[in-house]
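What follows is a pair of complexes built around chain A, which joins chain B in one and chain C in the other.
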Partner chain A sequence: MIFTVATFAILVTISLGLARALMGPTVYDRILAVNMVGTKTVLLIAVFAVLSGRTNMIDIALTYALINLVGVVAVLKFVEQGNFYTDGEDD
Partner chain B sequence: MIFVEIISWIFIFTGALLGIAGGIGIHRFPDFYSRLHAVGITDTMCAGCFIIGLCLQTGFTIASLKLLLIFVFLFFSCPTATHALADTAMLSGLKARLDKEQ
Partner chain C sequence: MLDTFIDITLLAFLTITAIAIIKVRDLFVVIMLFSIFSLHSAGLFVVMDAADVAFTEAAVGAGISTVLMLATLALTKDHDEKRPAHKARLPLLVVLITGAALVYGTYDIPSFGDPDAPAQAHVKPYYIEQSMRETGVPNTVTAVLASYRGYDTLGEVTVIFTAGIGVMLLIGGRLTRKRDKEDDR
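Our next item is the complex of A and B:
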């Protein structure tokens, strides 16, 4: 029973984050909202893994947390320098 | 045995409340830099409450060890991502709204 409450709360948080991602005035608000949604997805996978008893799904949540960080930093690098192939010195 | 159940329910419930509080906070705060704080709350504290609650549910197994690993990683990675975000925003000239009459 508590897992349905937890899942519902996480889904509400994700929808609020997505709403902020759509409305966000600056691009950094959008990256921030995507970062938050990514973290909540990690929690959603973890809650579902424990809910359904399949505990090997927790590795998926861990991998997703790793990828989320790399994704956010990659998008930041792209936003800051406009492209991926310069190494940032010649600006 | 029911005692551990109640404690994990309390942890999961506070995690859910913190998540929703962070979600509302990301909408109510006026400025990007204050929204960083709202997301920071949801990232570390809400995830921590959830994961401790889930660890109590799965008991003393490898699964709870993996959950604690997730929490340790989130505990270090989310502030780093938030810092990189604030740094890039500040470098690109996004001014913080300091006073009302701006």
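Our next item is the complex of A and C:
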């Protein structure tokens, strides 16, 4: 029961994050929205894995969290420096 | 029941994101929306119990392609897509007809999980009975992808590795020279 409620809550949160990604208005709103949708996808997979008894899916949720972090760091590096080849220390 | 609900909700999110990708002209926002699109499809694949596909979608779709597209955007000057001068009526017609033909084609394929489907009849019983004993991998799809098709996967990785080296030689060299020039100043 509680996992079903959690699934609904996560889906509502994803829709809110999607709305923020669509409306903006600043770049950081959208980056945060993407990060949130990613985090909620991790949670959705974890909750769904417990609900359906396929607990090996939790490993996938963990890897999603890692990929999400790397992606957001790359996006922030791009926004901050405009490229990927300077290290950002020398300006 | 809950599967169906999650499916419908995620598919609705996918549709909204896809329409927004077409409408938005700021390319950075488009890349962000592509990332969200990949995350939604990865969630869908997990609900369908396709762990490997979901994993690839998250790593390649949400991770690598976002970074690659951002790197491309960093190399270009204009970050706003130009509004097309003409209306895309003929392409829209072609896409609609092709899409209708594809949907019509799905009526002939067996339904999802049908035990009498041709794909389930020939080699699948062998994989279901023997894959655990032969490879020790609990998920049959993973066993086929990573063990039985191991050489194929190795070939694919070699091709992608070669392509990566080629791209680095073409683009990476130019960036290094530019960086040297900046250091000289």
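One rule holds for everything that comes next: the second predicted complex is superposed on the first by the 85 of 91 C-alpha atoms of A that agree within 3 Å, B and C clash if a C-alpha of one lies under 4 Å from a C-alpha of the other, contacts with A are read in each partner's own complex, and residues count from 1 in each chain.
Here is the rule we use: a residue touches a chain if its C-beta (ideal position, glycine included) is under 8 Å from a C-beta of that chain, and two chains touch if they have at least 3 such contacts.
Since we're looking at a predicted model, the values are computed, not measured.
In the superposed pair of complexes, A:2 makes contact with chain B only, with no contact to chain C.
Contact with chain C, but none with chain B, is seen for A:74 once the two complexes are overlaid on the shared chain. In the superposition on chain A, contact is made by A:31 with both chain B and chain C.
After overlaying the two complexes on the shared chain, residue contacts for A:13 are found with chain B alone; chain C is out of touch. Contacts of A:48 after superposition on the shared chain: chain C is touched, whereas chain B is not. Of the two partner chains, chain C is the only one that A:60 touches; chain B does not reach it. Judged by the document's definition of touching, chain A residues 15, 31, 33, 49, 68 lie at the interface with chain B and also at the interface with chain C. Chain A meets chain C in the complex at residues 4, 7, 11, 14-15, 18, 21-22, 24, 27, 30-31, 33-34, 37-38, 41, 44-45, 48-49, 51-52, 54, 56-57, 60, 63-64, 67-68, 70-71, 74-75, 78, 82-86. Residue ranges on chain B touching chain A, taken from their complex, read 8-9, 12-13, 15-17, 19-20, 22-24, 26-27, 32, 35-36, 39, 42-43, 46-47, 50-51, 53-54, 57-58, 61-63, 66-67, 69-70, 73-74, 77-78, 80-82, 84-85, 88-89, 91-92, 94. Looking at the complex, you find that chain C touches chain A at residues 2-3, 6, 9, 13, 16-17, 20, 28-29, 32-33, 35-36, 39-40, 42-43, 46-47, 49, 51, 54-55, 58-59, 62-63, 66-67, 70-71, 73-74, 138-139, 175, 179. Contacts from chain A toward chain B in the complex involve residues 2-3, 5-6, 8-10, 12-13, 15-17, 19-20, 26, 28-29, 31-33, 35-36, 39-40, 42-43, 46-47, 49-50, 55, 58-59, 61-62, 65-66, 68-69, 72-73, 76, 79-80.
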